[in-house]
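Naming follows writing order (A, B, C, D, E and F), and every chain is counted from residue 1.
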Amino acid sequence: MAKVITFGEIMLRLSTPGYQRFVQAGSFEVTYGGGEANVACSLANYGASAAFVTKVPANPLGQAAINHLRRYGVDTSFILKGGERLGIYFLETGASQRPSKVVYDRKYASIAGVQPGEFDWARIFAGASWFHFTGITPALGENVAAVTLEAARAAKEMGLTVSCDLNYRKNLWTPEQARATMTQLMGYVDIAIGNEEDAEKVFGIKAAASDVTRGEINEEGYRQVARELLTRFNLQKVAITLRESFSAFDNGWSALLYDGREFYRSRRYQIHIVDRVGGGDAFAGGLIYAVTEGFAPAEALEFAVAASCLKHTIPGDFNHVTREEVMTLMRGDASGRVQR
Amino acid sequence: MAKVITFGEIMLRLSTPGYQRFVQAGSFEVTYGGGEANVACSLANYGASAAFVTKVPANPLGQAAINHLRRYGVDTSFILKGGERLGIYFLETGASQRPSKVVYDRKYASIAGVQPGEFDWARIFAGASWFHFTGITPALGENVAAVTLEAARAAKEMGLTVSCDLNYRKNLWTPEQARATMTQLMGYVDIAIGNEEDAEKVFGIKAAASDVTRGEINEEGYRQVARELLTRFNLQKVAITLRESFSAFDNGWSALLYDGREFYRSRRYQIHIVDRVGGGDAFAGGLIYAVTEGFAPAEALEFAVAASCLKHTIPGDFNHVTREEVMTLMRGDASGRVQR
Amino acid sequence: MAKVITFGEIMLRLSTPGYQRFVQAGSFEVTYGGGEANVACSLANYGASAAFVTKVPANPLGQAAINHLRRYGVDTSFILKGGERLGIYFLETGASQRPSKVVYDRKYASIAGVQPGEFDWARIFAGASWFHFTGITPALGENVAAVTLEAARAAKEMGLTVSCDLNYRKNLWTPEQARATMTQLMGYVDIAIGNEEDAEKVFGIKAAASDVTRGEINEEGYRQVARELLTRFNLQKVAITLRESFSAFDNGWSALLYDGREFYRSRRYQIHIVDRVGGGDAFAGGLIYAVTEGFAPAEALEFAVAASCLKHTIPGDFNHVTREEVMTLMRGDASGRVQR
Amino acid sequence: MAKVITFGEIMLRLSTPGYQRFVQAGSFEVTYGGGEANVACSLANYGASAAFVTKVPANPLGQAAINHLRRYGVDTSFILKGGERLGIYFLETGASQRPSKVVYDRKYASIAGVQPGEFDWARIFAGASWFHFTGITPALGENVAAVTLEAARAAKEMGLTVSCDLNYRKNLWTPEQARATMTQLMGYVDIAIGNEEDAEKVFGIKAAASDVTRGEINEEGYRQVARELLTRFNLQKVAITLRESFSAFDNGWSALLYDGREFYRSRRYQIHIVDRVGGGDAFAGGLIYAVTEGFAPAEALEFAVAASCLKHTIPGDFNHVTREEVMTLMRGDASGRVQR
Amino acid sequence: MAKVITFGEIMLRLSTPGYQRFVQAGSFEVTYGGGEANVACSLANYGASAAFVTKVPANPLGQAAINHLRRYGVDTSFILKGGERLGIYFLETGASQRPSKVVYDRKYASIAGVQPGEFDWARIFAGASWFHFTGITPALGENVAAVTLEAARAAKEMGLTVSCDLNYRKNLWTPEQARATMTQLMGYVDIAIGNEEDAEKVFGIKAAASDVTRGEINEEGYRQVARELLTRFNLQKVAITLRESFSAFDNGWSALLYDGREFYRSRRYQIHIVDRVGGGDAFAGGLIYAVTEGFAPAEALEFAVAASCLKHTIPGDFNHVTREEVMTLMRGDASGRVQR
Amino acid sequence: MAKVITFGEIMLRLSTPGYQRFVQAGSFEVTYGGGEANVACSLANYGASAAFVTKVPANPLGQAAINHLRRYGVDTSFILKGGERLGIYFLETGASQRPSKVVYDRKYASIAGVQPGEFDWARIFAGASWFHFTGITPALGENVAAVTLEAARAAKEMGLTVSCDLNYRKNLWTPEQARATMTQLMGYVDIAIGNEEDAEKVFGIKAAASDVTRGEINEEGYRQVARELLTRFNLQKVAITLRESFSAFDNGWSALLYDGREFYRSRRYQIHIVDRVGGGDAFAGGLIYAVTEGFAPAEALEFAVAASCLKHTIPGDFNHVTREEVMTLMRGDASGRVQR
């Protein structure tokens, strides 16, 4: 069984209940999440061995974040304690024409203060076969970018497969900053994942003739993006998720995989959304799992897309589905009939 | 006014709130329900006289189940107290491509331990005009099947109309067991109700060329099923509900009625679902009510389908709608405009 | 910045949670609202100066209603305290084919007991530029109609623009009563707003060949209605909202504006509804704001329709959206993509 | 088994959760209650036959009130439907030095509009052995007082025992009004129940040297009150509950019974309160039950006091305890040890 | 009517429901509060004019904090928008031997970044008669201390009465830092308020022979503290609150007032606590109100103590009580009897 | 660091919110617990290594129980999956004179079906130093008693310290059955823990002259009990917890420890209870931790009593406290003052 290491931030997630706006809320629903933590949870759900590496404050909130990971089977033994605070993100879940709104309060988080040398990567990667990170983590600060680079380099040297979800965040850095840092990191990456905007924002690789705000997708354009990413960074695989946003409730969801030889296009799901956050991470978690399990590329892609389709139906960042549930969906039963 | 007796199990229903999965839940919503109890509640809502017969443990949970029935006007005076426990079912409400999931914990329930002779059917049926049961009850055990047979026979002898909702449950018995027991029971039945799978699973009567997991319905196939059921068991009426499962949220819903002379096909509703459990029972409750009220077959069918359409919009097993609300919908106002 | 005065009733709103019916509810969600109060809140959200004039009882519930208005920035300094009780409305939110149901308990409310002379309109309108009321307020009783007339006349004399949302409520008065009173009031009105039924119910002006319970809209018919309203009452502008009710969940929503010269037809939104109550008030609030801000007629109409579209996605009567959020939608981004 | 009839008002009770004040509340807890309804529920819990007579509006809230009574086993078959509205009371549960606060909104309730002749008392009292009412009901209006008189007279004529809980409510009538009406009603009463203030407020019979706001009780003073009440109205029994209010959380609770021969003084409970509303009604319910069951006076008193002690630990107006639970407490086990 | 200005921080308060510990919580209750904001709300509740001055971020959380103040009648027109984030404090409410636990996450809050000159004190204090701040605000940073000094000096110059609640917070600064800054600020203060520890921690003025962790209070010791504070800083009045902590549930609560001539010792309350946070602020709010209303010193002290006693029974930071409710308690009715 | 193994049942715990009785509940709070699971969680909280051994069904509820243990740091790697169902217990939390009520539904649980040989005790105990079980586990059935014996024997042979909390449960077995089985098990036990009733019920060893239902404790009597237990079973230590039940809210709590040489009597806590379930397990967990950490007997006893005192203030079965929190209390700070 593969052992996967993911590195990044886990935040306290505070969301308003029942489609309330922030100014209305008398309570917040509490959970914890973050790109790479979400991926680790996906993997643990499927039965893989997954450890999440981060730094949280030595207070009850840091402990609660750890407990949340443990609860769902993620190995938390490499998590450091210290620093100032746990990052927070506030979420209003959107509805129909009203978009979901995220207010980040993640600055000064413990993970944003880590320095090169704090993590013992040799010990962390011992016995592991895969390392995953996202473009969010190096965007947390130059120091965190340096630590990410340290990790990616160590992973590569120790023979791990390295995957990266580009995940451009415009409120964390500029395209220029992103390009400089991510280009360096891509030197250690084997598998890249991006959504319909990332490649353009980070590397200036634009899909021809698509307008995502209108829900139009030009598949050929995305093939070009995948081809260029794979070539430029000498990758094994590039996956691109294709979200068609018709409204905050209704999205089309599918993906594309390119392995340098062939293009694979997944089935397309028309999703009525419960909670869209973590959808991309569920894709990454599904893809990593399927690849480590030796699925053929087309099956790996279908597993990843079906897994992330299911994520959209579950509240919270984490994707609480089993391997069997994903397999049932990818094999074609999307009827939603009661399972007794 | 007709007096209807239904017999079966009432369970504690524990459901996760807000589309949570079981592993996430910090609370369960509590209600009570079960096939024949749901039918009794429907009837009581419309103003009919309905008694539900069962056995519950002599503890506060058994009392709470009785109270739930009383609250909605069901006569509980024939319910026995004793036995080991109240059956439970745990429910995760599905969303979009994720199906609802039911975990049953009903074994060893008080009702599953009843023996022939425990119920005084002559007293129970005195003054009643209708007896209803489902295929779930005899599936609870050979002893319960024997009690059901005892009831059906007594009802028939006392001149009641007997209806049965086939309701095959694969986790309770095998098709072979079901066929042996149900064939015997059908000897006392006047009106049979089934969904798109029951006739095949229980009696091997298959609708030609339909694939319910794809939402395709071949009406002619279901006509054949109805015809064969009516003929084989010498029934007065056969009703078949037709669910098209596009997703856990979106279903098509309609039904077919055959009275040995004519086929009636109902209006078809496109439902966005709140709670799908009890939908079939709401159909049965609506049909029994409409027949006892002397509705013409086409109207009776429309009443039953409209009633069960509304059930899908109400949380819990019970269908909390009035006769007037059903009539408004069956007469064509499905616009959902605010009633002030 | 314009200062707008609105006059009417604010009620305690008690709604069942999670699509429960009244007979199921163990708790009610508490908020406060009412036609003109909702308009005032919309205006305050956009940054306008808005005061709401009413009378509430001198008890903690009256205070809570005031606090709710203050919370969202509405000037409550003209509100009188006294009288018998706070009006209440009970709400069951509908779903799919089941309509929302409102039970009013507003009789004997403090506002229903006001007498001419209680409000010092000269003081209230000092410095204000706009007065808004709805057809609900004069329907509360002859005394309230007299007070409304007193207000409208004073507003006109003091040079304010006067707007009126016709809002016919059949459980408050008959069409004959409405016509008599509203005809008198229209003498002071500059801008009238109505939905697809109001003009017919109040003034007998019927749109040709539309059947709103079937979701069909004949635009030409509504143009005639607007034309006739404008001419008959010598209005500056007439706006008509066009709701297509496909179900309690799914509505089409658009509007028409006529300024005596040109007809403007808005973009049409297909909404999946969270809370439909207050949708019309959000339109009025949006229109008043846009007009006072000097938007061109077409833009004013689009602002009003986008604003009310967003209202349908927010629980409660009030429309908690900012000017920027409305502008984003009216400019065409209805994709509902997460705003980070 | 005795059959008891009670007559009065049932109200919608809306209470703030978790010690919130009205101005803070975003939800209200919903239940239903009222003096005589609470007594009927107590009796039904113990296994007695109890019917509650009232009038509720023909709307879903009236139905919900009926359902609440049915749920707990009260016979609702004599309840009339019609009139304007369901009475409401709003409750803030107090804490420590902060008293509970009740805001009544019961005026214009359906029951307040009943007229003599509306209830068929001969049919209602057929087969019954006891009639109970409180001083609240005749205080609802002269018409309701007339109906109460009608009922008391019919009960007396038909040989029922009649009990009355004096229950003076200063916001419903003046002492003078109360005295006039209650004196007339007492002519039909066999058993009177009062708290430490009622006799004084209604009949001017004052206990010597007690100051209830200081928690001091002069037992001899209350004996005089009981003696005078019994003599003046030729009663069989007089019971007086003695509440020592140390704070909203901590009360002493005991009672006195006089049967014309002997005085009985109950055990005294020191209660840490969960919900104090309905405490007196639980005493009345316990006393009526114990008397109808033939308990000796001292035991009847202890049953009533223990029953009402337990009520203080249960949220809502109704006293959800069994005969066995009361017996266990009255026999001396007040240790609160877990019952497994 | 006096107009009072308070200056400080308002934080988002996130508390676990139902005595849960942080690691258990699946939701947080949301409110907003902070020392000086709490005082402003108290004053507004009593009908005084109160404005709260602070800086909050220009995001929905900052807006929600403003809305919370507005809801309860506080003037928010002087609040600045900008800076990084809204301070947060996480609260676990204690029980019995388990203390309440507060985790602060207030660093980098917008208010912590204010600079001298940002607030226009002349405009803010125009027409005001009182300025209040606490020792928490200058502890937020040297810049905030400078702004506080700026404000205190301006207030003094403009003839306002200045009050200061010493409120030493050990996690914000050291006793040495506190002494340096507070000594400077005290030069502008007229009325000082402290609890049993503040004078010692901030100014090294220790009460003889009291051990607050044992609930022992030596009144003479506190008289000396008051005398020394008044003399050293040439104050008009010194008030000292005296909390006897028997457990997280049970506290004794009283206070002492010294005006340079006489010592006043208040009534002592034995409180069973609902929410202890904001108790001291409620005392300050009550004292300021009573002094501005011209109460004699003994009455002013009793008003302040009664007000803060009531605060302990209300969830949240704010003290939602009216002047009348405080008066009732200070006049001696602490019986907690239901107010109907 | 010690590694502790505990063996027993973990149940789904369903409790009514807010002091509701079962018949009132519309939701249940969900957690998981059981005697030995609770002990394991205590140990994990303090930083010890603790594994819990049991068998749960291979369904989402079994998984949720495992997740609950993992969340709080308990090693779940030895838990078997299979069998029929997860045991359940329903809990009504008592108040004042009303006792808490537990309804067990644990029969046919997976753990109740385990057979000797299913657990690989040699592997489980490898590297461990302590084994703990309670008298509940062998009471689940003869097969479970046999497995417990198997475990105790293996533990003894492998040199582990064995502790047993007698925990007599009258609804699981008779005193005679308990005595036979427990006598055999005691042959392997080093440290026994009992409450005030266990020794009498299980071994017929009665404390002289105490009446626990009256809250009276005769210390000398309990000394005799401890002496006799230690002697009869050749134990190292005997601990006896002493609960004085004044009401469901107020208990006295202390304990006694005897090590064959000296008697230690702990400090006594007067607790106002939030959740009493698991109090005894928290004592056992504290004692085991303190002994493994090498605390002197008097300190170990104080740690255990302080730990279990704190448990009474936390909802749920588990004791969510840190070592530091326990130490603070045992050192004497029971003032409950806010920790900032």
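By definition in this document, contacts are C-beta pairs under 8 Å (C-beta built on N, C-alpha and C of every residue); 3 or more make two chains touch, one makes a residue touch a chain.
Just so it is clear, the model here is predicted, and its values are computed rather than measured.
**Q** Answer with same or different: of all residue numbers used at the interface between chain A and chain F, are over half used by both copies?
**A** Comparing the two copies, chain A and chain F contact each other through largely the same residue numbers, since over half are shared.
**Q** Relative to chain C, which chain has the most distant C-alpha mean position?
**A** Of all the other chains, the one whose centre lies farthest from chain C is F.
**Q** Measure off the straight-line distance from the CA centroid of chain D to the CA centroid of chain E, and report it in whole Å.
**A** Here the centre of chain E sits 44 Å away from the centre of chain D.
**Q** Measuring centre to centre with CA averages, how many angstrom lie between chain C and chain F?
**A** Result: the chain centres lie 62 Å from each other.
**Q** Considering chain D alone, which of its residues make contact with at least two other chains?
**A** 17, 21, 23, 26, 67, 72, 101
**Q** Please give the residue numbers of chain F that touch chain A in the complex, ascending.
**A** 67-68, 70-73
**Q** Which chain B residues qualify as touching chain A in the complex?
**A** Touching chain A from chain B are residues 18-21, 23-24, 94-102, 104, 169-171, 212-215, 245-250, 276-277.
**Q** Taking the complex as given, what residues does chain D use to touch chain F?
**A** These residues of chain D touch chain F: 17, 72, 269, 271-275, 309-310, 312-316, 320-321, 325, 329, 332-340.
**Q** Touching chain A in the complex: which residues of chain E?
**A** Touch list, chain E to chain A: 14, 17, 21-23, 25-31, 59-61, 63-64, 67, 84-86, 88, 90, 92, 101, 103, 105, 107-108.
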